[in-house]
Every structure is written in structure tokens, then in C-alpha cells.
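Note that subunit A is present in both complexes that follow, paired respectively with subunit B and with subunit C.
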Partner chain A sequence: MIESVICTGCGCLCDDLDVTVEGDRVIEVANVCLWGVNKFIATKKFHSKKDRRRLLAPQVRRKGRAFDISYDAALEEAGKILIQARRPLVYGLTNNGSWAQEAALRLARRWQARLEPGDLAFMAPYYEALARHGLYWTPLEEIRDEADTILFWGANPIHSCPRHVVRYSVFSRGRFTERGAEERQIAAVDIYPTETAKFCKPFIQIDPGQELELLQGLAAHLIEGQEPPKRVKGTKKLVKLLSEASFGAIFVGRGVSYGPARKLWEGLARLVVWLNTRVPFSLFPLASDFNSVGLYHLLLRETGSPYAPDFGAASGLSSHPTPVDWREVDALLVTGADLFWFMSEDQVQALKERRVPIIVLSPFANRTTAKAQVVFPVALSGIETEEVAYRMDGLPVELQKLISTPLRPDHQVLADLEQILGGSTGG
Partner chain B sequence: MATVEEVLEFLPRTDCGQCGMTCAEFAALLVSRDLSPEDCPVLHEPEYAGFIEALHEILGPAEAAITAGMLIDQDKCNGCGICVAVCEYHLGNCDEARLGRGPRPQDKVVFHVVNGTAVVVHQELCTRLVQAAEKCNKCADHCPTGAITLV
Partner chain C sequence: MRLKIAQGHLYDPAQGWDGEVGDLYVEGERLVAPLAEVDLVIDAQGQMVLAGGIDLRGQVATYGLNMLRLWGRLPSPQQIGELYAGLGYTHVHEPFLTLYTAKYVHRELSALPIVDTSASLALNLRDLDKWLRAPEQLGEVEQNIQFLVEQTRALNVRITEPYVRFRQDYYAHRNIATENLVEILASLAQRQNCPLTLEASPELLRQPLPEPAAFHLAALGPALTEVELVQAALNHLEQGGTADLGLMQPSGYESWPNLPVQINMGFFHPLDLCPRPSKGAAARALELALQYQGANLAFSGAGPFQAPVSGYARMFSWLTDPRARLQDWGTELGDRAYSLADWINMTRTLPARLLGLKDRGHLSVGARADLAIYNLPKITDKINWSKHLGRCRTLLKAGTRVIDNFNLINPEIAKATYYLQTGSEASPWLGEMCQYRSFRLENLWVHDHLGGDWVGVQ
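Let's look at the complex of A and B:
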């Protein structure tokens, strides 16, 4: 048994899993939630809810049919796509380790491509707000130890990060929070009650368009000290909760605003700035992809912006806050995301009609691999290959290799692709 | 309680697939009590005489666990581990669980989470069985998916 293994199921990166290995297979994982176990035991027949097939050999698609080919032949096929592309896009990356993200960024640079994080619209404006306001930051352990107030905003951790509430935010007990949930105020704002609502008091249910109005109401009460012109139901309760906090955190999900989240993050950040003048209070996205946070750290470090860098722009490097216009893309490389899962049927159809070639790296078969021209199966980070990932609070952790696989790690495939374009060996 | 590894010792380990899965997967389902040793057809062959009985012994009495009063609906449970963290028995006896982490393999616990769902290990430690007077309901009360039934 290998103890204290890190789970790459979500941005919590839980570090207390005990994994039983037999030969080159994981047969049992203790302390992992249902979300995370799917990574470890892919051919899991005893939970038909999620049975995800592993990919074993590289594939190319010819006349709509997929054929297994050798790795070198797949590189050659992918090379043709790389070289012919004029407006290429590298997409996804939130479920890749940091080495793979670095390799993808190098490839994008060399390919003069645009690089688009899969959760750009939601996450990037968070980092923009963070940079603008410089909010109080604290690791999750400290929230566990000290926070007496937690607010989930459009977030259902029970669904997206199931153990978050137990490890850090609600039920966990720490140095100054010995009674766990009993001495915390837990609140949530959402458009409909979720499993999370069960332990949230108050649970503020708002209408889909009311989010910014609610935020303005909170700001009016707390920051400006006056009655807002229009008050969303629940405002007063939240005002009371926040003004009584002595240490807290807001975790934000994508539940309420699937649209552009810029105003939301800006409003929340302003609120936290005000709270920070009185008490320690943090603002975090509830990152459901395991290394989404690592990607933004990389982008900020390398390009100075959390937005989508475009290395093909005639005027030099530019970064785009708005999602890509798919009509402008003529070749796609997807890694660490199931693009076609998120796209509308019309968008998928449009790409198909325009015959945009797609190269995909993925450990599992998914909707995108089912349509791609070239598919590279890759080793699972943190299980079959070492990697690095950043937890949702920005803490980098090292992922270990538990079992062997003949499959290559994704950073190596990306480096090999870069080399086709004349890159150095990478590494 | 039995681990998958211990249980595997008493399975044919041939991965013949007659049960529809591998021996290791079969073992995991024995531990979670979704299957019983009789469900492996190979164990009924003469060369494995005594294995079924041995498996029953290491797995412990399944029926007792059910009549004693805790049922976890494997289809509802998502392995969040809230039950493990709030359990009245763990509060005084398992530091890891109390603090919100997964129990260590050697810790004695009422239940823990294995392969994404809660599994009962030591039903007899549940305070409902020890103190008849005041009945604890914490795990069932806090379970967000309504997976736990105490009877």
C-alpha cells in the first residue's frame, strides 16, 4: 500500500489517499471520493456511473474511421497539421500537470498559436481582480484552522470538489475551530438549492440575473453604509454574516454566472478589500480541474497576463480576455480538456464542416478524441507519471508515479510536437 | 476488517472473468459487501475447497452488519466523507477523521471511504450500539446525499 498519495480529481488535490497496487494496476484507493476514484481505477466496473475507457494506442482518422498507428507515425500525421496551420489554437490545459502546461506554452509560442485555457471566462478575471486589488491570501489549512465564516457563491462543492467541505471549509476541525461546523457560519448563494444547501444557513436563493444586484446591495450596506435602492432577498442576512466574521473565505463556483465573470469577480474583490480592512478574508475560485490554478500562475509568470496569449498576432504577443471566435481557428490542439463536451452542437458541426483538423492528447476516450484526426494517449499524471500541480489556493505540490505504463507523459508528447516545428528538445 | 489484498489471497487470482470482472475487482466488491464469495463460480470447484468458508471468516458476518442498523446506499454515496468526519465515535477515537482527513489504514473506525464510497468497517463501534439510551444520528443527519439509513 502506498500511503498519503495526492488525488488529481479536482483542485483540492487531497493528499491523504492510500492506494493499493497490484503489479501495474491500482486495485483499491482509500479516502478518495467518487469523483477522484475515476482517475485511479479507469475500468471500474463496480460503478457504472462513470466508466471511462483508457486509450492505449495512438490513432489517426481517415475517412471518418479511426486506425491505430505507431507513435512515430502519429507524430508525422500531427506534423502535417502543425505545419499547414495558419490560425492555430492550443486549447484546454486545466487538467494537465505544470510540466505539460509549460511544454504546451512553448509549443504555442513556436507554432505562433493562440493558447486558450478551458476555463478562461471564469478563472482569468479572478486573477485580474486579484492583481488589481491585492487581496489577503491564506492557505486552505489556515482556513481550516481559523475561519469562522464561509460563503459559497454559485458553488456546489459536494458536486465539484466533494471533500472540500470535510478537509477545509465546513466540517474540518483545526487549531481554533475545534467544534468544526458547529462554530462556523456557513452560507451559500445560488440559483437553486443543491446538496450543499443542506448545511448552509443562510442559503440565499436568487434569480439568475440577480447576482450583481445582490453584490451591489452588499457593497452599499457594508462599504457605503447606506440602503441600496433595490434590495435582493437575503441581502440583510449576508450583511450580518459578513460583518460578524472574524476570519473567513468566499469560494466561488461557476453556478450563477456562466457568462462573463469579470463584473462578478470585481464586485466580490471589492467586498473582500473592504473586509480586509477589518479582518482576514480570502477569495478563491472553487477550481474543479486539478491544475487550472497552475496554468494561470504560468501565464502570469510567462506573459504577465492571465488572459489567452496569442503568439500569432502580427503586432507581437497579445492576450485576449474574451473566448476565441471558433470561426477564426483553422487547426486545433486539445489537451487536458474535453472540448466537445463544452461546445454546442452547432459549434462542433461548424468545425466539422470547415474541416478543422484536431490533434488531441488524452488519457481517456472522450467526445473530442472520438472526432479528432490524431489522438495521442498519455500517461495519467500523479498515477503513471510524476508531475507538479497547484492546489486551488495556489500551493504547488509534487505528484508521484505509482505504477508504470508504456504510455508517454503529455509533456513529452508536446515537446516532440514542438520539435517538429524546429524546437529544441524541450524537456 | 478485511482489505482487498487479504481477500485476494483467497481468490483464484486467474482473472478468468466468469464473474464479469477481474479477481481484484471481485475482491473489492466482497469487501464492500456487494457480492458474496459464492458468486465466484471457480471457488465452487474442488481444488478451492474451504476457500469460501475462509472468505466468510475474514469478511465477518454480513447479515449482522445489516441487522445492527446501518445501511449505506452505494448508489447515492459520493464518498465526500462527511459521515467519517462527524461520527461521534471518531470524534473521541480517530484524530485524523476528526480533523477532516482520511483515517490511516491502522485506525479503528466505524466506517471509511474506499473507492469513492463509504464502507462500514467496525459496525460494533457505533455508539448507537454501545449506548442504547441516547441515539446518535450524526452521520445520517449530515450526509448530503441521504445515503445513510440507521434502523
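Let's look at the complex of A and C:
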């Protein structure tokens, strides 16, 4: 048994898994959630009895049919796509380890490509709001220890990061919150009743489109000290909850990106800055992909901006907070994401009609691998290969290799692709 | 590779060299006795030859610092490494590594090219309050601290808040005031047989320290909020204590929109990455530097917001040239001008001693060949020190040329992170001390493949 293994199921990166290994097979995992188990035992998310198909050999698609080929032949096929591309895009990366993200950034630079994080629509407005209003950052360690007020906004942690509520925010017992949930006030705002309603009091269910009104109501009460012109049901309860806090955190889920994300982040950031003038309060995006935060950290560090860098722009490097216009892309490299899962049928069809070639790196078969010209199967980070990942509060952890595989790690495949374009062997 | 640095003006306060013309020999990565044959001669005629600079408090990898790039207030790691090299520095010491941000700090340090790095383990005394109260347990406290230093790969210990204070009223009985705590810390420092670094604060400066020589006060500048505190800091230095300056720029904040940028690392006060600049405190830090005549004061900046590395050269000139002070501060603040020996002591000799890097900061045989060579201003020149000391002509790191004729020629030179190998074991209550961490203990420790190359020092 290997103890204290890190789970790459989501951005929580829980570090308390005990994994039993027999030969090159994981046979048992303790302390894992239903989401995390799919990484260790190759099952579908939340359906631990349904197998997920593992990719075992590189594939190339000819006349609509996929054929297994050698790694070198796959590199050659991919090389043709790389060399012919004029407006290429490297997409995804939020489910890659940091070494792979660094390799992808080097590749994008050499390929003169745009690099787009898979959750840019969610995270870019967050960073824009910070740039405008400032930042009070608290790691999960301190939230667990001290926070007595938690608000989930457009977030369902039970689905996006299941053990978050147990380890950090709701039921966890910290230094000054030794009675767990009894020490905290927990609230949620959502447009659907979710599992969080069972432990969130109040659970404010609003109609779609009411988010901004609710936020404006909170701001009017708390910041301006006025009655809002139109009050959404639940406003007063939230005002009471927030004003009674002695240490709080607002966890924001991807739900906000389906509405007016920019305005919502803006309003939340303004509210949190005001709350911070009284007591410590944090605004926290609930990243569900296991290394989303690592990617933004890398982009900030290496390009000076958290937005999508475009190395092919005529004016040199430019960074974009808005998602790519798919009509501009003529070649795609997808890694650490299932792009077609998030695209509308029209967008998928448009890419197909324009015959945009797609290279995919993935450990499992998914919707995107099913449409790709070249597929590279890769080793699973944190199980079959070592890596580094950043927890959702920006703290890095080392992912271990638990079992062996003949498959290459994704950072090596990316470095090999970079070499085709004349790059170094990575490192 | 065997090198001869020929006919340079050698400066090394540790050996009493104050510009004597002579040769230095390098074999491999060390300075050696004169060699009969060499592979390369570097002509240093008319140039000053110094040991490589060491930044004792270079905030380059603090948890959350990356966020300053959102506002363009922090250069990229590549640029920071190049800036340090251009100044003639070969080592940077990060002040804020905590138990759970150790991996973060080391990832950031490994991204910094050219210069070697190290970090201080910033202890939160709140974690230790129970044991600090019991004098009989101080040995165990020290043992656990030494264990943590090695496991987090830090080089020394730093106390950022020399008190224990809880925000929660019901824990008030566990608070420990600074006046009581400094006694305990003095005992701890004596046990570990080296000075303990305390981040300076007005509160601390008002407090007479029981054993000044047992303490190093870090970043004095921001703590000098009142005129009387300058005298308190001088007293500390004159009684055998050491300190670093924490200089701040008097201007350059006009474009900053005055936003809060604060990181909560579990201390009583959050770490403010963009503190509101105080021109008074900044001036007092410089006055202190000009008043103090001894060798116990090291150079440091107050942080990347108030003292970016790109401004170090200008800060050097405030120390060495009254006219630079007149230009930047509107007053000369007296006519004191640091000699080269004074400046070398505060940027090389003393930082190396304080970090325990025995083979750095001097030019003795056996020292590592980290050499910074600068143009020597002519005596008749109106000396522009920021031009001379801020621009290294040749930089050797471990005997390898990094800068040649002002050009960076070896940006990928090997670099390492230095940490203290204490060999200490954890005592049984370490688990209790760390019980509130969300990480399992073994996942807090820093392993080989997280950063770059590691060098353990005893």
C-alpha cells in the first residue's frame, strides 16, 4: 500500500489517499471520492462501475477511420499539421501537470500559436475583477482554520470538487473551527436546488438572470447602506450572514460563466474588498480541473498576464481575456481537456466542415479523440508518471508515480512535438 | 578551466584589501593560489574586482507575489535573474517561506535563472505557543525547528511576528507579548548558536532586546515610523546586533491605483505586497544608514513594490554619493559617503556571514569564484556610482563567465538552492503542532524533484 497519495480528480488535490497496488495495477483506493476514483480505476465520473476506455496506442485518422500507428509515425503525422498551420491553437491544459503546461507553453511559443486555457471564460473575468479591485488572498489552510462564514455562489462543490466541503470549507475541523459545520454559517446561491441545499442555510434559489440583481441588492445594503430599488428574495438573509462574519470566503463556481460573468465577478470583487475593510474575506474561484490554477500561475509568471497568450500575433505577444473565435483557427492541439464536450454541435460541425486538423493528447478516449487526426495516448499524471500540480489555492504538490506504463508522459510528447519545429528537447 | 584575473583593483574587507592592484587565480569553481599556467587571462586593469553580491532579503518567490504581475509590478523570473546578474549579484535569499508554502517558494526560486537562491523558514509562533511557554521544552522546540528547516529546505529561521496574538477573544489567554517573547527567543538563539532573524517592526524596536547580538533585525526601513526608532535601531547595531536596511524609494508610486494586495499566510497580519509608502520612514532608513559607522548593517530593499531590484543601483548611489541624495530626496542628508569597503561589507561580506555561506563574500583562496568586476571610476571624475556599481562589466559564477563586457553570455549557467542540513529528528509533538494542516505531514516536506539543483550546507 502506498500512503498519502495525491488525488488528481479535481483542484482539491486531496493528499490523503491510500492506494493498494498489485503489479502494475491499482486495486484499491481509500479516502477517494467518486470523482477521484475514475482516475485511479479508469471508470466514468460518478459511475464507478462503468469503465472508461483507455487509449493504448497512437492513432491516426484516414478517411474517417482510426488506425493504430507507431509513436514515430504519429509524430510524423502531427509534424505535418504543425508545419502547415498558420493560425494554430493549443487548447486545454487545465488537466495537465505543470511540467506538461510548461512544455505546452514552449511549444506554443515556437509554433507561434495561441494558447487557451480550457476554463478561460470562467477565470479571465475573475482576474480582470482582481486587477480592478485588488486582492485579499487566503489559502485553504487558513479558510479551514478560521472561516466562520462560507458562501457558495453558482457552485456545487459536491459535483465539482466533492471533498472540498469535508477538507476545507464546511465540515472540516480547523484550529478555530473544531466543531466543523457547527462553527460555520454556510449559504449558497444557485439557480437550481443542488445537493448543497442540504447543508446550506440559507440556500438562495434565484431565477436565471437574477444574479446581478441579487448582487446589486447586497452591495446597496452593505456598501451604500440603502434599500435596493428591487429586492431579490433572500437578499436580507445574505446581508445578515455577511455582516455577521468574522472571517469569510465566497467560493464561486463555473455557474457564473453561463451568465454575465464579467459583471458578476466585478460585483463580487467589489463586495469582497468592502467586506475586507471590516473582517478578512476572500473571493475564491472553485477550480474543478486539477491544475487549472497551475496554468494561470505559469501564464502570469512567464507572460506577465493570466489571459490566453497569442504568440502568432503580428504585433508580437498579445494576451486575450476572451475565448478564441473558432473561425480563426486552422489547426488545433488539445491536451488536458475534452474540448468537444464543451462545444456546441454547430461549433463542432463548423470545425469539421473547415477540416481543421486536430492533434490530441489524452490518457482516455473521449469526444475529442473521436474526431482527432492524430491521437497520442499518454501516461496518467500522479499514477503512471510523476508531475507537479497546484492546488486550487495555488500551493504546489508533487504527484507520485505509483505504477509503470509503456506510455509516455504528456510533457515528453509535447517536447517531442516542439522538437519537430526545431526546439530543444525540453526540460 | 584555469583563469587569471590580471591586475585588477582588489577589494575585500575580510582581508583588508582596499583597491590594491593584484592578480586572482581560479581553478574550476574556486579561487586558488597563483598558478604557473592558465587557460585564460581576464584583463582587469582599471577595474574593481569584488566578490559576487548577495541579496539578504530579496523577495522574489513569496507566496502570492506572482499576482503583482497582474499590475505589471513584478518583472518575469528571467528578467529578475538578469537584473541581479547585471548588478553583480550571484545569490538571492527569499525571506518568506512558511511550512505550507515551502514548495511554492522553491518552485518559484527554481524558475529564477543565473543566481543561486535560498530561503528563510518564516515561523508562525502561534504554532509553537504551548511549548514556548515551558522553558524545559525549549530544547525540543529548537530540535523541531531544525527538523522543519531541513525538511522545508530552508537556510535559516525568521520570525515575522515576534509575539503570539490570536484574533479570537477566547484564545486571549494564550497571547504572548513581545517583551516576554524576546527573552524566550534569545534563549533559542543561544541554543542554535547563531543569530535569530526577526522582521523589524516599530513594536520590536521599542522593546529593548535582552541579547542584541543574538538577533538580526530584517528590513528596518518600514519599521522606522518615528524619529526615536532610528536611535533604537542604532543602539541595537552598536550593541553588537546586526540588521539589514530595508531601503525604500521615495517616489515612483504615482501610477499605482492604491489597491489592496494582501496575502493571508496565517500570521496575525496579512502580508501586504503593496504597502502604502511612507516617505518619512524611507528617509529615516537612509538617515540611519548614513549615521551608522560600523560593520553590522547589511543592504536590503523593503520588497519588490517599494524597492524593486531595478532600483538597487540608484539606492547604492544614495549611500555613496551625496549628490545622488540631493537629486532624489531634495537634500544631501549630510556629507557622509560610504567607502567601497563599507558598501562591499553590506552587500557581500556581512550577508554571506549571516547566511552561513562561508565560501562567499570574500576573495580568499578556497572561496568560490563568484567575482563581480566593475569599471573603476577615475578619481577626477564626478563619480556616478549608480552607473559604476549598478553595471557589472564581468561576472563570474563558480569560475564560469556569465557576463562579459557588460553582455550576458551565459544565461543558462547552473544554479542551485542552498539549504541547511541539520540532521535533526522530529520530536513526538511535531504531529500535534501540525495537526491543523490540511496536508499530511509527509506531503509538506520538499523533495528533490520539486525545485532545481540542491546544495545542502552544514
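Everything below uses one rule, namely that the second predicted complex is superposed on the first by the 413 of 427 C-alpha atoms of A that agree within 3 Å, B and C clash if a C-alpha of one lies under 4 Å from a C-alpha of the other, contacts with A are read in each partner's own complex, and residues count from 1 in each chain.
Rule of thumb we're sticking to: a contact is a pair of C-beta atoms (placed from the backbone, for glycine too) under 8 Å apart; a residue touches a chain by one contact, two chains touch by 3 or more.
In this text the structure is predicted, and so the values were computed from the model without any measurement.
Asker: After the subunit A overlay, clash or fit between subunit B and subunit C?
Answerer: fit
Asker: When the two structures are overlaid on chain A, which partner does A:144 contact: first (subunit B), second (subunit C), both, or neither?
Answerer: A:144 contacts both subunit B and subunit C.
Asker: After lining up the shared chain so the two structures overlap, which partner does A:318 touch, if you call subunit B first and subunit C second: first, second, both or neither?
Answerer: So A:318 meets neither subunit B nor subunit C here.
Asker: With the two structures laid over each other on chain A, which partner does A:112 touch: subunit B (first), subunit C (second), both, or neither?
Answerer: neither
Asker: Which partner does A:216 reach: the first (subunit B), the second (subunit C), both, or neither?
Answerer: A:216 sits against neither subunit B nor subunit C.
Asker: In the superposed arrangement, does A:347 touch subunit B (first), subunit C (second), both or neither?
Answerer: neither
Asker: Return first, second, both or neither, reflecting whether A:16 touches subunit B, subunit C, both chains, or no partner chain.
Answerer: both
Asker: Using the superposition on chain A described above, determine whether A:167 touches subunit B (first), subunit C (second), both, or neither.
Answerer: both
Asker: Considering only touches as defined above, state whether A:205 meets subunit B (first), subunit C (second), both or neither.
Answerer: In the superposition, A:205 touches no partner, neither subunit B nor subunit C.
Asker: Contacts for A:27 in the overlay, against subunit B (first) and subunit C (second): which applies, first, second, both or neither?
Answerer: A:27 contacts subunit B only, not subunit C.
Asker: Could you tell me how near the closest CA atoms of subunit B and subunit C get once both structures are overlaid on the shared chain, in Å?
Answerer: 8
Asker: Share the list of subunit A residues that count as touching for subunit B in one structure and for subunit C in the other.
Answerer: On subunit A, the residues that contact subunit B in one structure and subunit C in the other are 3, 16, 144, 167-168, 172, 174.
Asker: Report the residues of subunit A in contact with subunit C in the complex, numbered from low to high.
Answerer: 3-4, 6, 15-16, 98, 127, 130-131, 133-142, 144-146, 167-168, 172, 174-176, 246-247, 273, 276, 280, 282, 297, 300-302, 304-306, 386, 388, 394-398
Asker: Show me the residue ranges of subunit B that touch subunit A in the complex, using the header's touch definition.
Answerer: For subunit B paired with subunit A, touching residues are 3-5, 8, 20-21, 24-25, 27-29, 31-32, 34, 77-82, 84-86, 96, 98-105, 112-117, 142, 144-145.
Asker: Show me the residue ranges of subunit C that touch subunit A in the complex, using the header's touch definition.
Answerer: Residues 63-64, 66-67, 69-72, 76-77, 100-101, 103-104, 107-108, 111, 167-168, 171, 259-266, 270, 436-440, 442-443, 447, 449-450.
Asker: Once bound in the complex, which stretches of subunit A touch subunit B?
Answerer: Going through subunit A, the ones touching subunit B are 1, 3, 14, 16-18, 20, 22, 25, 27-38, 41, 44-47, 144, 158, 162-163, 165-168, 171-174, 180-181, 195-196, 198-199.
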